[in-house]
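Before I ask anything, here is the structure I am working with.
Labels A, B, C and D are assigned to the chains in the order they are written; within every chain, residues are numbered from 1.
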Amino acid sequence: MSDIKTREPAADAVPATQAGLLDRTLGNLRSVWRDIAGSAITVVGTIRSATGRTEEERWRSQIRDCLEGKGGEVSARARAADLGRTYLALEPEGRRSFLRLLAEFDVDRAAVDRAIDIFHRAADPVARGEAERTLRRALEPGRMQLLTQFNTLPEGVKFLVEMRAELLELARQDRHYVALEADLKDLLRGWFDVGFLELRRITWDSPASLLEKLIRYEAVHAIRGWQDLKDRLDSDRRCFGFFHPRMPDEPLIFVEVALVQGMSDSVQALLDPDAPASDPQEADTAIFYSISNAQKGLAGISFGNFLIKRVVDLLKGEFGNLKQFATLSPIPGFRRWLEAEVAQKGDQLLAPPEFQQLHELVPDREQPLLAEALARARGEVEGVLEAALQPVLMRLAASYLLSARNGRRAADPVAHFHLTNGARVERLNWAADTSPKGWKESFGLMVNYAYRLSNIDANHEAYRGDGKVVASTAMKSLAKSS
Amino acid sequence: MSDIKTREPAADAVPATQAGLLDRTLGNLRSVWRDIAGSAITVVGTIRSATGRTEEERWRSQIRDCLEGKGGEVSARARAADLGRTYLALEPEGRRSFLRLLAEFDVDRAAVDRAIDIFHRAADPVARGEAERTLRRALEPGRMQLLTQFNTLPEGVKFLVEMRAELLELARQDRHYVALEADLKDLLRGWFDVGFLELRRITWDSPASLLEKLIRYEAVHAIRGWQDLKDRLDSDRRCFGFFHPRMPDEPLIFVEVALVQGMSDSVQALLDPDAPASDPQEADTAIFYSISNAQKGLAGISFGNFLIKRVVDLLKGEFGNLKQFATLSPIPGFRRWLEAEVAQKGDQLLAPPEFQQLHELVPDREQPLLAEALARARGEVEGVLEAALQPVLMRLAASYLLSARNGRRAADPVAHFHLTNGARVERLNWAADTSPKGWKESFGLMVNYAYRLSNIDANHEAYRGDGKVVASTAMKSLAKSS
Amino acid sequence: MSDIKTREPAADAVPATQAGLLDRTLGNLRSVWRDIAGSAITVVGTIRSATGRTEEERWRSQIRDCLEGKGGEVSARARAADLGRTYLALEPEGRRSFLRLLAEFDVDRAAVDRAIDIFHRAADPVARGEAERTLRRALEPGRMQLLTQFNTLPEGVKFLVEMRAELLELARQDRHYVALEADLKDLLRGWFDVGFLELRRITWDSPASLLEKLIRYEAVHAIRGWQDLKDRLDSDRRCFGFFHPRMPDEPLIFVEVALVQGMSDSVQALLDPDAPASDPQEADTAIFYSISNAQKGLAGISFGNFLIKRVVDLLKGEFGNLKQFATLSPIPGFRRWLEAEVAQKGDQLLAPPEFQQLHELVPDREQPLLAEALARARGEVEGVLEAALQPVLMRLAASYLLSARNGRRAADPVAHFHLTNGARVERLNWAADTSPKGWKESFGLMVNYAYRLSNIDANHEAYRGDGKVVASTAMKSLAKSS
Amino acid sequence: MSDIKTREPAADAVPATQAGLLDRTLGNLRSVWRDIAGSAITVVGTIRSATGRTEEERWRSQIRDCLEGKGGEVSARARAADLGRTYLALEPEGRRSFLRLLAEFDVDRAAVDRAIDIFHRAADPVARGEAERTLRRALEPGRMQLLTQFNTLPEGVKFLVEMRAELLELARQDRHYVALEADLKDLLRGWFDVGFLELRRITWDSPASLLEKLIRYEAVHAIRGWQDLKDRLDSDRRCFGFFHPRMPDEPLIFVEVALVQGMSDSVQALLDPDAPASDPQEADTAIFYSISNAQKGLAGISFGNFLIKRVVDLLKGEFGNLKQFATLSPIPGFRRWLEAEVAQKGDQLLAPPEFQQLHELVPDREQPLLAEALARARGEVEGVLEAALQPVLMRLAASYLLSARNGRRAADPVAHFHLTNGARVERLNWAADTSPKGWKESFGLMVNYAYRLSNIDANHEAYRGDGKVVASTAMKSLAKSS
C-alpha cells in the first residue's frame, strides 16, 4: 500500500494469513527450544491442558521468583527462560492469559511515591542526581525486568519482537495490555538502536531461508516467485537490509534499488522479467523502488531514514557515475483523498475546458462528472477517456502531494516519510504502475522523491519546522496548472 | 590481587602504566577514525590548541543541535559522531572539560515537576501508565541521549566503555561527574546485558592481537610471556571469555581452566612450564584458576557468575569424566585482616601449645610473638619456623574465610564473589602460591571453592539471606581447631 | 534414468537444453572474467569476428610462447590466462577450432624415442629410475602443460571441467579430439582426487545460487520447484555433496537422504509435499533416494562410493537410532531388457498358471501375451490386470537384477554401481515409482540396495572377483519363484 | 643465508634442532590422528615394539592390498590411511625401514616393456595416442598410487610434505630412496601448482599459531620475538604468504614488505624496534626485505616469483603513491667467492692506489694484503680500515654480482633467483647489514634488486637466453671502477 509498509492501525490488523504466519514463527521457535531443552516439554504439556486458575497461580509465583532473583542471578535467568518456553508452548488464548498476568507486574506505586518524596527533599545536586536515578528506577515496572531476561532464550530477541507484534494487537482491543506493550516498545527501542544494527547486502548467494523471507515480507511490489526475486538481485540491482546481531537471520527492513539511466517512470519496466541486465557501472541514477519493514513487532521504531542514507553512501562509493538518487514511490492515499474531495466539491475541481472535454466523453451520468469519468475510465472507453483524464489527475495529484495535510503532516504517508527524511518531491509519472493495485490506489500514478545529500538537512528542517513541502519547479507548476 | 580483578576504589586507582594504556587505547581509536574520516582532523586541530571559552561554547552548541535533532535523526547522529571524534582528539585536560560540559545536560527539572504533577492527577490505570512512562522519560537527562548516539561511531561501544573508565576516575575526585558516570553505567548495563554476550573459547589459534590482550588484562596470576600463555591454552587447559557483538575484539571477562586429576593445591604446579600436558579426557576435575575482568569501564556490571556457569555446562558436555568443578583462589584480604587482629588481640590468637612452640623458635622479640614469627618466617629460619606456623595460619585463615565479615558480606572479596555465586568453601591449601605476591597477601595460602550445580541455589540463598557461609566439614573443623 | 546420473554415451548426448546450459555457464565465466580483465575484451572482439587462418596462426604462436615459458613462468601463466579468455569469448565453432589446434600440441615423438633408447640402456637402478621418469615426462604432451596453466584463471578449474564436457562431445564424433580429451581427464582425475574434496551438508540455509544448481542437476527424481526442494531439506531429510576447494560454488555430486522408520517402498510417499516432517532422532533407517553427478565434465571420475560411505559415517554419528542404510533405487534397464527377452522367448517367460490368468484378462492380441498385457496394463484395465502382472514382473525383475549380465557386470547400471560399492540387493518394491517415467523404465518397480558396513568389503570382492551378486534370501526366492 | 631460504644441499642438512622440529611436527600429526581414530593405536603399539622381519612382511602385504584395491576403492583408501598412521607412530629408524620398503613398489618393468612394444607398433594416431597414455601409466610406480592415497588422512598433504623432507635427507645418503623422493616430488609439484594456492595477508590479527610459524620459518633476518614480529606487521608493513587449501595452517612461502620513502639501504633501520610507523599512504617504495620458503619438503618447487608478482599487484592497488618495488637482499656468496679469488689472484685484485692505502693501514702481514685487511677490519682498527676497504669491496661486490658465474647462472643464489624473475641489479649498499651474519656473509653489503613490471619479461629473457645480467648504470660503473 506504500513503499514503507504502513504502520497505521488499519494496515496492521492481522489478516488470517498473518496470524498464521505468527503461529508458524512461534512454532519454529518452539522447535528450536524443544531441541535444546527437551525436558521442558512435559511441564508444558500439563499447562497446555488447561489455563485455569492453577496454572496462572503457578506462573505468578514463577514470575515473582524471577523478579526476586531467588537462587541468584544465574538461576533467575534460567527460570525466566523456563517461563518463556512455557509461553511458547501455549495456544493463542493461553498466551493472552499469560500476557495479562505479566501486565500485572506493574510499577510499585508506593515505591514511586517514596522516591518522589525523596526527590522533592533533595538539597544538593549530588543528592538530587541520585534521587532522580532512584525515581527513574522505581518507575521501571517489574515486568520490564522479566522481559529483559527473556533475551537469554535462544532466539530470545526474536521472541520478544514476536511478543510485541501480538501485544500490539491485544492493546488495540483491551486497555490492560497498553502499558505492557509500551514497556516492551521502550525496551526494544533501546536494543534496536540503529548504532547496533548491521547493514548487509543481500544477493542471490544469500541463504535461501533469508531470501524466502524477502518474498514473504516485501510490502510494496509483491515478489512473484523465485525467478522474480533473482531478477531483483541481478547485476544491475542491489538489495540491502538492516540486521540485529542477535537476530541474524531476520531482516528488520530492506530496500531494493535499480541502477539505471535516467529517473525511472514505470515500475513495470523496472520489474520486467524479460528486460536484460544493463551495465551498472554506466548507471547515472539509483532508484529506490521498494522499502519494506519486515518486523511487525518493531512498529514505531524507525530505520528507513538511516537505511536510505547508508545505502546512498555505499552506492556512491561503488558506482562512480551515479548522479542522482531517487525513489519511484506509490501514492497510497491519492484516490481516497480525491474521492473525498469529489464528494465535497463535485465538479468544481475541474477547470471549465476540462469539464467540457470530459462531458463530451461521458454524457450520461448520475453523479459528478469527475466521479463518473473515473468509474468508467478503467475498462470501458479506456483510451480516449484516460487521455482526457491524464492532465486532470496529474494536476490534482500534484496538488495532493504538495498541499494536502493531516494536521501538520503531509496527508500521504509515503510522502510524509520521505519528506521527513529530507527528500524533495521531484516528478509525477503517469501510468507508472499499471497493476490493478496501482489503479486502485492512485490511478496508476507514481512519484519520484529525490535525495540530494547537500539539501537533506535544510529540507528536513523546512518540513519539520514550517511544514513546508520542498518540491521541484515542475511539480509546483503542475500543482498550479489549469 | 584477587581472582576477580577487584573493583574497590583503591585497586582502581589508575597507576601510571594504566593511564598510559588508556591513552594508547584512545590513540588506537583515534587512528581508526582518522582513517575513516580524515576531514575531521583539521577541525580537531583548532580545538586542540586551546580548550578555552570559545571551544566550549562551540561544543555546547553542537551538543544542543544533536539533542534537538536538527536536520533530522540521521544528521543528528552524524553530528554526534563528529563530537565523539572531537573528544578523541583531545588531550586529558580537554577531555575533562568536555565531560564536565556534557554533565551539564541534565534532567529538565521543570519537565520533571510537570510530569510528577500529571502523575499525581492521573485517574484511571491507562492514564497512570502513560503518566509513569512520561515521568520516566522526563527523568532521562539529555546527555544520555547523546551518549547513546556515540554508539554510531566505529568502535563506538568501546569508546563509551573507555569514557566510563575515565569518568570513574573523575567522579571519585569531583562530584560534578558523579551523575554522568551513573548515567553511563545505566546505559552500559542495558547494552551489556548478559543475554547479548557471546561466549567464545580462546585458543592458540585465536588472533595474536586478542591473545596479547589476555597477557595485558590477566589480573590474578600474571602471564609471563607468550610461552606461558601458550601453555595456558594447551590441550589440557581451556580459556573462555565473554564478548559483545559490537566490541568483538575485546574480551569483557575471561576464565582460565585446568583439566586435572584431583583438586589442585598449588598454582605453581598448574603453571609449571615443564609439566607435560595430560590427557583432558581422563580429567576428573576442572580447576578455575583465574578469572579476570578486562574492562575497567564496565566496573560494577557483573558477568563472572554467568561465565562460570556457562563454562561448567560446556565442559560437562565435552569431558564426560569430570566429577568436580572448583577454583584455586587467592585470599587477598587474609594478611591485612590478620595484622589487624594481631594488633588488637596480640598473642591471644595463639593456643598455649602454639605459643610454646613458636616461643622456642623466636626467643627475642619486640612485638607480639605471632607478628615477630611471621616477620621472620619468610627467609631467615624458613624451614622449621614455617612448619610451626602452618597449623596456626591454616586455622586462622579458615576462621577468616568462614567468620570474618564486612557488614553482612564475607570480609574477603574473592570469598564474597564465589559465595554469592553459590559456591562452597572446600579446602585450604598450604604453600599453594609460593610467589612473593602469594606470601605477601596470604602467606602462600590458597583456597578451593567448589561449584556443585545441585546446591548452588540453596548456597546462594543461605548466603544472601542469612549471610551463612557454606563450607565443607573439613573447613569447619579447621576453623574450630586449636 | 538412474539414481546415478548415467555415464553411458547415450545418456550423455547433450540435448538442446543441456547445450544451452553449457553456453550459459560459459557466459557466466565470461562475465566473471570481463569484470576482472576488461582489457582482454577488445582483443577478443577481433578474434570473434572470424576464426579464419590468421586467428589460428596467432593462437598457435601464443600457445607456443606459453609452452616455451617466454618471459618467465609468471608471464607464461598470464599469457595462458589470456588464451583462456580468448577461448571463452568464442562461439561454439570457434571453440572447436581452438581445441583442434590445442590437440596438435602432442607428445614430441622424437623425444620419446630418445627417452626409450636411454631407458633401454640404463644399467643400474638409479639410472633406470631416472630414465623412467624422463620417459614419463617425455610422454606428457605439451597441451597438458597449457591445460594446467589455465587453472590460474579465476574459476579456472570450472573452466577446464566445462572444456572437458565439450571435448567429450567432440571426441565422440571426431578422433582428433580423443587424445586431448583423455589428457584432460587424466589431469582432472589427479586434481579431483577424493582426498582433496570437501564434504558439505546442504541445507535450506545454503546460498540460493547453490540450491538453484541442485534443482538443475538433480538427475533421478526431478525437483519440481523451490517448495519441493525445501521439503527435501526438511528436518527429517539430509543432503550432502562433495565440493572442490577451487570450485566452491559447484557441487560435484550430491545425495539426498530420508530419515524414516523402516525401509521405504515408495518414492512418491518420500516426496509427498503434504507429509509432515517426522522426528529424525526416532528414525531407524536412512534411505538414499537420489544420487546425482553434477558435472558432466567429470564423467568417468567416480565419487559416489566415497560419498555414500562418508554420509553413512556422518549419519551414524548424528542419529544413534539408525539401524540400516539403504537406497530406494530405480531399475532403469529392466523394461528394455524385458522387451528384448519377450522378443526372443515370447510367452515362455510365463509359468503356465501365469499364462492362464493373463490369457483371461487379455483375450485378443497380436503379439506375445506378456507384451500385450504390458501394453494394456497402463491405463485401460488397470486394476485387475496390474494385479495379475505384479507377481510376474516381480519375479522377472528379481531375475534381471540377480542374473542378467553385461559381460561380467550386472546388466543394470544402477545395480552395477551399488554392487561395486559392496551393497546387497535387498528388496523389490511394487508400485514404488508411480510416475510415467517410473512405469516406462521399470513398470513402477524400485529396489532397495542395503549397505552394511561389516559386509561391504566381502560383497565387493565377491562381485568384483567372481561376479557374484549378493542378495537377500527374499530376493533369491523371488527370482526362483513361479 | 639468503633472502630465499637456500635449497643447496649444505643448507638443507637438517641440524639437530630441525630434526627435532620434524619430530615435533610428526608428533602433532600423530596426536591429531590419535584423536580421530583411537583404535589404531593398539595396532601401532605392537609395531612400534620392533621393526623386525615380521612387521615388514605385514607392511608389505598391507601395501599390496592397497595397491590391488581389495575390498573396493573406499576400503583401500581406509587401509592406506591405516598404513599412514602406522608410519607416523614409528621412530626415525622404523620410518626409514618403512620408506625403504615403499621404495620397492617400483615400476613393473615387464608392463613397461609390453607398453613400449605396443607403442612401437601403433599404426594410426588414435592407437598411438592410446599407446602413449598406456605407456605413461605403466611408468607410474605402484608406490605413487599409495602416496596419493595418503592424502585422505587428516592433514594428509602436510604428512606427505613432511615425508618428502625426510626423504630428501635419506636420498642424499642412500640411492635406494632417490626414485621414491623423485616420485613424491612429481606428485607434490602437481598438487602445489601455483594455480591452486591462496594468497593471504598475514597480520597481527592472524592466529598466534600461524604467527609462531613465521618466527620459526623466517630464514633471512631472524625474528627476535613476538614484539619484533608485531613490528613487522605494523601499519607500514605488509606480510603475505601462499597457502594450500588442504594445508591451511601452514604458510608455504611468505614475504615481508616495508612501505617507505626511497629505496632502503639498511636492514637494521628497517627492523629498528624504536622507529615509529610511518604513513603507508605516503610511501613511494615497497621494499621486499625477506622471502622465506617455509616447507623443506617442497624444495625445488618454486613459488617465489609468483608471490612477488602477486604482491606487487596487490600493493599497487592499495597504495596509489608507490613508484618503485625493490628488494633489500643479502649477497650470501660474496665472501666465499672473494676468499677464493684472493687465494687465487692475491693482491692483483687491488688497484695500485688501493694497495697503497691499505698497505699503510696494515703494514705487517703473513698473507695477501687484502686477506689480512679483511681479517683485521672487523674489530681492531675498525673505523679507518673499513673506510679504506669500502670502495674496494663495493667494486668487487658489484663485479661479483654482475660477472661471477656458476655455469650460465649468476654465482650468487639470491641474484640468480631475482634475475630469473626479471629483476634488475639496482644498487649496492654499504653497512646495510651490520649484524655478525651480515659481516660474515658479505662484509655488511646488501643489494637492491628492482622490479619494474614493464621490463620483467625482457630482463628474464635476456638472463635466461644470453645469461645477461641486467643492471643499473650505477652498478655497471661501480663494477668497472678502480
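Odds and ends about this structure:
What we mean here is this: contacts are C-beta pairs under 8 Å (C-beta built on N, C-alpha and C of every residue); 3 or more make two chains touch, one makes a residue touch a chain.
To keep track of the chains, here are their UniProt names: A, B, C, D = Malonyl-CoA decarboxylase.
Being a predicted model, the structure only gives us computed values, none of them experimental.
Listed here as common contacts of chain A and chain C: no chain.
Using mean Cα coordinates as chain centres, the one most removed from chain A is D.
Centroid to centroid, with C-alpha atoms defining each point, chain B and chain C lie 61 Å apart. Note: centroid distance chain B to chain D, computed from Cα atoms, is 49 Å.
Per-chain CA centroids place chain A at a distance of 42 Å from chain B. Within chain B, no positions touching two or more other chains are listed.
Contacting chain pairs (ordered by label): A-B, A-C, B-D, C-D.
Across the interface of their complex, chain B is touched by residues 31, 204-212, 225-226, 230, 235, 249 of chain D. Contact residues of chain B toward chain A in the complex are 70-75, 77, 106-107, 112, 116, 119, 125-126, 129-130, 132-133, 135-136, 139-141, 148-149, 151-152, 156, 175, 178-179, 182-183, 186, 190-191, 193-196, 245-246, 302, 305-306, 309, 420-422, 456-458, 460-461, 464.
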